[in-house]
Structures are given as structure tokens and as C-alpha cells.
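First subunit A sits with subunit B, and in the next complex the same chain sits with subunit C.
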Partner chain A sequence: MKALQKYKRTYILALQNAMEYRTDFLMSLISGGFIILVQCFLWTAVFRSSPHEIINGYSYSQMIIYSVLSGVVSKLVSAGFEGEIANDIKTGGLSKFIAQPIHYFSYRICNFFGGKTVQTGVVLILFVILMIVFTQIWEFHLSVVQVVMFLVSILFGLLINFLLFYSISALAFIITEVWGVYIAFNQGVYLLSGAIFPLTIFGDTFARISSYLPFQYVVFFPVNIINGSLTDHEIVRGLLVQAVWVIALMMISKFSWDSGMRKYVAVGG
Partner chain B sequence: MSISLMEFRKHVRMFFIFAKNSLLGYMEYKANFYSGLIMETVFLLSKLIYIIFVFRLGIEINGISPDQMMIFTGTYTIMIAIYTGLFMDNFYRFAGHIRNGTLDLYMTKPLSLQFMISFRHVNFAFPIPNLIAGITMVVLAWQRLDIDPSLIHLAGYIGAILSSTIVMYSVLLLPQILAFWTVKSGSIFDMLDKCWDLNNMPMYIYPKWLRRIGLYVVPILFITNMPSVYLIERLDLFLAIWIFAAPVLSLLVVRLFWKLAVKRYESASS
Partner chain C sequence: MSIIQVERLSKSFNYYEKELGFKKSLKNLVKRKSLIKEAVSEITFAIEQGEMVGFLGPNGSGKTTTLKMLSGILYPTSGQANVFGYVPWERKKDFKMQFSIVMGQKSQLWWDLPANESLYLNKCIYEVEDKPYNLVLDELTEMLDVKDLLNIQVRRLSLGERMKMELIASLIHRPKVIFLDEPTIGLDLISQKRIREFLKYYNQQTKATVILTSHYMADIEDLCKRTIIINQGKSVYDGDLRRVNELFHAKKIIKLQFTDEVPMQALIDYGAIIQYDGMNAVMEIDKNDLQRLSKMMLDRFPILDFTIEDIPIEQGIESLYQKDGVRHESLAEV
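Now for the complex of A and B:
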């Protein structure tokens, strides 16, 4: 029990830190609003110019809800710790974790979720406001089950994104100047997760391939639960796939870190 | 007159020395070059998604055909190449110069201070993928739209890009100058940085009020739209005058603001 104390402390510290910078997160949400704005204007223009009422399986209201929510969700699940890990590896900060009775993975995940707890709070408030607005404008129904499923899928999405970035951060064991790769990976995940466009617009083959990859379960899947474009069966199936990916990525991250640690030489620090 | 011409020549010569200096830096630290190249290529892909989307859809959006859309995206990509190559590194460093006191050192140099701040670093990694993709898109769309490839058209397009470059320099430097007062590069710059995303799509998808603000008040939409508007022949008389007036006006404003800021600068550091 005592062993868990230090992780609880890590979690609380990260939570307090995020509390301190809550306005910062809110500001980043607002500045992220421009891309949502572009998206909304684009879809409005597209639906106005198109003879069809349904485009790529989405109605106008579903598409706007998708654009707004995907912008918010992608900000919520974003990782952003890979630079810190690379720095730990490069400058030898990792050495103290080897010498001390604290596990690096557990430390990182507690730290991550500590920060995300406050951000989730901010997003939930925003979510309630958005949902009230949407239900006022369009005939848009939201069931309790949908909301619960959405929250569960967000939790899985957070886990998947954490594990993806934790696995890739082990690259810093091999490459010293790794920042470019990280930013590229970050942008790649952003695209493939469906944060800009719903993934169905790239055709059936692309959608099928991406349904086997972990990325779309970070943003595309949770947002589709809310805007009602998935059946109950598809939701349950999606949640199962998320769970499978969490387990698979745990194994991948363990493998990548084990092989990285074998290369690590603790000099200085 | 001859003195100012000599000064001008000196600054041009210095610019090439700065560029050479930056290039040497890349040759020394090759990993930085490749990292930048990979990163920018992925960012480019995320911009290209918009044009892929438009072609898959295959319809005119607010009267703009997919091929015309490609002219806009191509020009946007070329403008990103110019921004990242010439200005980005310098603008991001600007607030740091004030905070760390390196600005004082620059003041002692026998060159224009604004010039030193604006052109000290040239980025060679970021513009490469953007230039290749941008020029390819414009050439491709030019052919598909059967625009007469005459010298006048080409000169007009390059002229419009020049005009846009000057406006871009002014609009993005202006919020940086605020650092003279705030010492930190503030949230206004971040906001403007994000506003840039509005250029992902041609201005014709936006409502009229937003287009007007983006062209005349904060000319962020001016930067990537004007050269394309010229090519697809949507330039009316008013815009044609504005294409000449905007760079002069914005450069004048930024120069005056710069002089005002330097006058009240009292070395923040040490």
C-alpha cells in the first residue's frame, strides 16, 4: 500500500500543476478554435454548393458537431510529454529513476492523468454548453447511454494516445536530435485520428484500413458516438477494439523501452 | 541619393552573408536539417488533405472549382515556404533578443537594426518541401485551367506574390514589436499565428464580413489569396488598387511603429 503512496503524490502534483495552468489550457482551446472555424465555414459552403443532403454519410448538423467536438477532443487527449522524456534520456535525468524505487512508466502515467483530470473538467463544462447549444439549434437527441459510452471511449482514447507517445518516445534512446520525428509523429496521429476531417471522406478502403489501426480510436470514434452516426453494435465493437489496442500498445511500449534501456548509458546527471 | 544606394547594396550583401552563415550551420548540424525536413513534410501533408478532399468531392464550392482551389492551395504553400525560409526563425527569436539583451549588441552594428532583427537567420530545411509542392500545384492547375502562360501573367503573379510577401512581413512583425513593452512575445502573436489557418481554404468560403476584415483590417487573408485571385481573374478595380497600396501602407505602419518602439527601449536585461 505504501508503495502506491508515491504515485498518488505524483498524480496530485500533476493535478495541482494543471490547476495552476488551467487558463493556459482554456486559451489553447480558444486558439485552436480557428481551425474549427475554418472547418465550419468550409462545411457550410460545401453543403450549400452540393445537391446532396448527406455527404460521406454525414448530414450538415452531424458534420458541424463533428468538426467542433473533434477539435475539442483532440486537444483533450493530446500527449505533449514526449519532449520531456527525450530530455530525460538525453541529459541523464532518467538515471535517478533507475536508482530510486519508482517505476518510470507508472510515474509518467500518473503524471499524465493528473494533468488530464483538470483538463477533462474544463472540457466537460464546455461539452455541456455545446450540447445545450446544439440541441437548441437542431433536432439533436442525446441519450445517457451515449454520454456514458463517450466518456468510456475518451478514457480509452487517452490511454491509447499515452501509450502511442510513450512507445515512440523510446526513439530518443537511438536518435539524439529526435524533436523533428516527434512533431511529425504528433501531426501524423492528429491527421489519422480524424481531428481535421472525418476519416470516411477518404474512401472505403482507407476507412477499412484505419479501422484496424489505433489512431481513429483517439478522436474519430468517440466523437461519432456523440453525433449518433454509430449503431449500438458498432459502439460496443469499437470499445472492444480500443481495449485490444490498449493491451497491444502496452506490450509494444514495454518492448521498445526494454530494448532502449539496454542501450542507455547513465553518464553524468 | 548615392549614399542610400550604397547602404542598400551593403544590406543586400549582408543578407547573402547571413544566408551563407545559416547554410554553414545546417551543414554542421545535419540532424537538425533532416529533422526539420521530415517535420515540414508531414505538416505539408496535413495542408494537402484539404485539396484532396476538394477533388474527391468534385463540386464547385461557392463558385470555386477544384482546379482553381489548387491554385489557392499552391500559392498558400509557396507563401508558407517564403515565411518559414525568411521570417519565421527571426520572428520567433525576436522577444528573446529583448529579454536576453542581445538587442543591445545588435544596436552597435553598422546596419539597420530592423534589418538585423528581420533577416539574421535563413531557414533552408522548411521551405524545400513547400516550394516543390507549391510550385507543382500552381503549374499543374495553371495548365488544367488553360490560363495563357504569357510573360505578363507570370510577371503579374510574381508581382502579386511580392506584394503579399511585404504585407506578410509587416503583419507578422507588428505584434512582435509589442515585445518592446511586454518583454514577452504575447498572446496576440499566438492568435495571429492561429489566424493563419484561415488561409487553408480560399477566402471565398468565408462570409463577406470576415473576408473584408481579412483583406483590409488585419490583412491575413490578403497574403495568400491575392496572387490566386489575380490568376483566376477575379481581381476587380478596387482589389487591383489595394494590391499596390497595401504593401506600401503596411510597411509604412510597421516602420513607424518600429521607430516609436525603439525610441522608448531601455534595455531590459543586465
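Now for the complex of A and C:
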């Protein structure tokens, strides 16, 4: 399979590239930790001052687990390549990909997964440690099926997030300076994916709207699998919806990129 | 049958203007006047297999835009092109497998990794077998003398070394056609010369067709028998660079050195004075009158030294750039 060789190689290069910057990775991990810590303190205070045992359908332990895991998962699925793509489009770096027999989409996704591999390894180890800690503190049960479903849903979440950002990147063909759009989109995804708070906190109407959007399947859904707040039936249904979103977003990104490529002006030298 | 055929190729871009000042910026937020720039307009030429052709022209003349259309990066606004049987902007894989474009200002190497990693990636991208890859790599690194730099991170290489790596990366698959967009930009004279020698040798060895753009006259004078001069999106000259002056009024340059000071007024009758400082003068004289006038001058003035030269190529090109052929006083860098 000669054609696949190039993508395998891209993946390996991205992997090597990611390992060149260890400090950067470590720092991003630590910075994520701060947010989790703040959320834990916040929820502890809320539960202490509340007469109820359960808030928004979460018990105290579930809420803490949610906060910690959503932090970990959102780190895991975070994109971060949209700036690179925008730069490729704005400064003309995309040219070389058009001139070479390689698909930009496949190149990007291999690059993305290559860059993620080391990070994923570290995050998964962290995840195992956290899980052991949680099962020790609280009476918290975790089945093998749950973990497998969780990992599958994370993979889908990763793909959904990649496709979301890849599609939105095509905006750079139309609007030359897209940083503002990215920041807005990034924050939107951050909120709507459930990376900050469980989505149920925003009320029923919101929950219903967001069930029609892809965002909650990036963080909210995977974390709820582990959290035990979903039935088996709901898990399977969620995984199917994720798969549908992956396909839909693939079509959207293909469409937006095909039309963008025709617009491409390839500026500079 | 030419390997590259271009017919009435045009490309125009949309852009908008902003005048100086904050007020105008505010105005721009609401309303932008859209303007159209003809980057390339109706260029026609044909290039034969194995030719090495130079594109010469001032900044923004459309050289790079033409190359980008020929390599399929840009869609033209109108016109046709055929590069070894393919329409470039259809971006067919078979087409991409057989040509290469090197952009002096854009790197295709992975910045944080050693060059050999990027080279190996290109081997995979172009689906080159191990054996021919090792052969080509050996040959090219030998020729460019960069064998021991292959394992060094690209960002630690000098500009010249990096350019050599870029060249190697783009030649791994032995392309039939090579587009070079300012391959010597920013390099020192020795590196420029090295790369020039390499390109010449490579072109002779492999019979690859090469199109080269450059600001540096020396690049093109040295490498290309044929030059296409582009100005404001139009092809204004196509042929041997050394004969560019024949296009113009046949003039010659005469350099005079006197033993005694000669007044400027005395010289004016013989032709245009380009330089004058009393003891020396440089003049432009019509070819047809050359014999008669120089004899007269030799008789009349106390001349120590007398040389007749061709008008420098730069000057001819400059005249071409200024469409109507009016020449400036200064010899601007081409």
C-alpha cells in the first residue's frame, strides 16, 4: 500500500514533532489542572450551602468526577490546529499541498492524531490514576463495558471536534483574518460541549436544543458514560448519534473546502 | 509538440483600497470599493522539453502568478494551459507526481525535525521506491555538498543550506518539469553560484524542463538561453536575453578619458551624455553614426582612452519595463 505510506509517515513525523516540545505540553496540562481545581472548590461550596443532596441530577461525587473528567477529556479532544490551517490559507502555505500528490484533509488528520498520541498516552495514565482514586474515595462502580464505551465515544468526540474545526477553518478562504471567529467558536464549543459545567445546569430547553447540536457529543456525552448517569440504551443511542455527526460533518467539511479551494489566492512569494 | 503550452492565460484578483488614516478605516468598515487587478493578462508561450527558461520582471509583474497557474495552485480567470498533457488546475494526481515547484520564500521542510525526515516524507508522498530514493539522495547530497547536514534540525540550518535541502526535497521524484520561484532569494553570492551551477548541471543531466523566476539578472543570464520578460502581467519579450537590446534603437556606449578637461558643451553635439566629470565622460551614440562621430571626437578632443561598449542588458530591460521605452537617468537594480 504505497499510497497509505505517506499518511503513516505524516503521522510519525507529527509524533516526533510533538515530542520536541515537552515543556509546552507539560504546561498546558498544568494550566488545565487549575481550571479543574477552581471548579471543584466551587461545587464543594455549592453543595455545602444547599439543603439538597442532588443538584441538577448530579450528586456531589458525580459532580466532582464530572468536573475532573470533563477537564481531562476536553484537553484530550482539543483541536489547536485551526490556527495552522488559517495560516496556511492566509500566507499561502497551502500551495505546497495543492502541488503535491497528498490530500490536505488526510494530511491534517494524520498530523492531528500524530500530535495527539503522546498527549493521549499521558492523559490516559492520568485517567487511570484518577479513576482508582475516585473508586477509593466514593463508592463508585465502573464496569469494563463502560470504559470501552467511553474510549469509543472519545474517539468519536475527537473526530467530531476535528471536523468542526476543520470545517470552520474553511472560513479563512472568505474572511482573511479569522482569529476572532476562532476565539468565538472555541469558547462556544467549550461551553456547549459541557467542558465547563454539565449541560443540564442550563435547563431543559437548552438541553433539548443542544441535543440537536454536535457539541455535547464532544465532552458531555463521553464523561456521562463514565459518570454512570446514562443507561445502556442511552449510551448506544449516543454512540450512534456521534457516528451520524461524524458523517454529516465530513460532508460539510468537504463541501466547504471544495468551494474554498476555488477561491484560494495563494498570496506571497 | 511542446511540453508546456500556454495560450492567452489571464488571472485577475479582487482587492480593495484603503486610504491613509483612521477615518478612512472607519469608512472601510462599512463600504469597500472592490477593485480588480490584472495580475497576468493574456500571456502566450510554448516551452520545449529540456529547455531552461527564465521569467524576468519587476516585483508584482505576474511571474509568480503565472508559475502558480502552471502548477495548478491557482485557477486562471481565462485562457488555457497544457503541461505535458494535463490541465494543471484540474490537479490530477498523475500530473502532481511528475512536476515540482520550489518557492524560495515558502518552506516545505518540517522546521523542528532534521531535513532527512522531510525528505523521507516526500519519498512517501511521491511513492518512490527505496532503491531509486537512496540513489537520488546520494547523488543530490553529494552534488550540493550537504551530506553531513541531513541529521540536523532544519531550523538550525543556514538559509543557503536550507535552500539546498528544499531543492533536494523537490527533486526526489525526478520531476519532468521543475518550477523554481526565486530559488536564490536572500542568498549570498557564493551560495547563489553554487545553486546555479547545480541547476545547470541537473538540467543537462536529466533533460528536465526548468522554468525559473528571479530578480537576479545573473541567475537568468547564466542559466537560461531563453528569457520571457514579464511586465504588468504581459509578456514583453521572449528570446535570448543577450539580444534584448536589439529591440531598441541600436545604440552604443562610448567611454572617454581625456588628458585635459573638456567642457560639457563641446560634447553635447555628439550624443547623449550619461556621465560627465570633466576628465571622463560616458556617452550614448547612435550605431549608424558611430564611425563618423568617434572619428570626429578623436580628432577634436585630447583623448587618452576610448572604449565602445554595448548598452548593458539591465538598461534594455529597464526600458522594457517602462513600456514606452523612455529611459531613466539612473540604472536601477533589476
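Keep this in mind: the second predicted complex is superposed on the first by the 264 of 269 C-alpha atoms of A that agree within 3 Å, B and C clash if a C-alpha of one lies under 4 Å from a C-alpha of the other, contacts with A are read in each partner's own complex, and residues count from 1 in each chain.
As a working rule, contacts are C-beta pairs under 8 Å (C-beta built on N, C-alpha and C of every residue); 3 or more make two chains touch, one makes a residue touch a chain.
As the structure is a computational prediction, the values presented were derived from the model and not from experiment.
Trainee: If we overlay the two complexes on their shared chain A, which of subunit B and subunit C does A:Phe197 touch? Say first, second, both or neither.
Mentor: Once the two structures are laid over each other on A, A:Phe197 reaches subunit B alone.
Trainee: Give one of first, second, both or neither to describe whether A:Val244 is in contact with subunit B, with subunit C, with both, or with none.
Mentor: neither
Trainee: Applying the touch criterion given at the start, work out whether A:Ala184 contacts subunit B, subunit C, both or neither, answering first, second, both or neither.
Mentor: A:Ala184 contacts subunit B only, not subunit C.
Trainee: For A:Ala99, select first, second, both or neither according to whether it touches subunit B, subunit C, the two together, or no partner.
Mentor: It touches subunit C, and subunit B stays clear.
Trainee: Could you say whether A:Arg262 touches subunit B, subunit C, both of them, or neither, answering first, second, both or neither?
Mentor: In the superposition, A:Arg262 contacts subunit C only.
Trainee: Who does A:Lys2 touch here: subunit B (first), subunit C (second), both, or neither?
Mentor: second
Trainee: Is A:Thr10 in contact with subunit B, with subunit C, with both, or with neither (first, second, both, neither)?
Mentor: Once the two structures are laid over each other on A, A:Thr10 reaches subunit C alone.
Trainee: Counting touched residues of subunit A, say whether subunit B or subunit C comes out ahead.
Mentor: B
Trainee: For A:Leu42, using the defined touch cut-off, is the partner it touches subunit B, subunit C, both, or neither? Pick first, second, both or neither.
Mentor: Only subunit B is touched by A:Leu42; subunit C is not.
Trainee: Shared contact residues on subunit A, subunit B side and subunit C side combined as an intersection?
Mentor: none
Trainee: State the interface residues of subunit B toward subunit A in the complex, per the touch definition above.
Mentor: 29, 31-32, 34-39, 41-43, 45-46, 49, 52-53, 56-57, 59-62, 187, 190-191, 194-195, 197-198, 200-201, 204-207, 210
Trainee: Which bits of subunit A are touching subunit C when the two form their complex?
Mentor: These residues of subunit A touch subunit C: 2-3, 5-6, 8-10, 13, 16-17, 20-21, 92-93, 95-96, 98-102, 262, 264-266, 268-269.
Trainee: In their complex, what parts of subunit C are in touch with subunit A?
Mentor: Going by the criterion above, the answer is residues 13, 64, 68, 71-75, 91, 93, 96-97, 99-101, 103-106, 108, 110, 112-113, 117-118, 120-122, 124-127, 181-182, 185.
Trainee: Would you mind writing out the residues of subunit A in touch with subunit B in their complex?
Mentor: For subunit A paired with subunit B, touching residues are 27, 31-35, 37-38, 41-42, 44-46, 48-50, 55, 175-181, 183-184, 187-188, 190-191, 196-197, 201-203.
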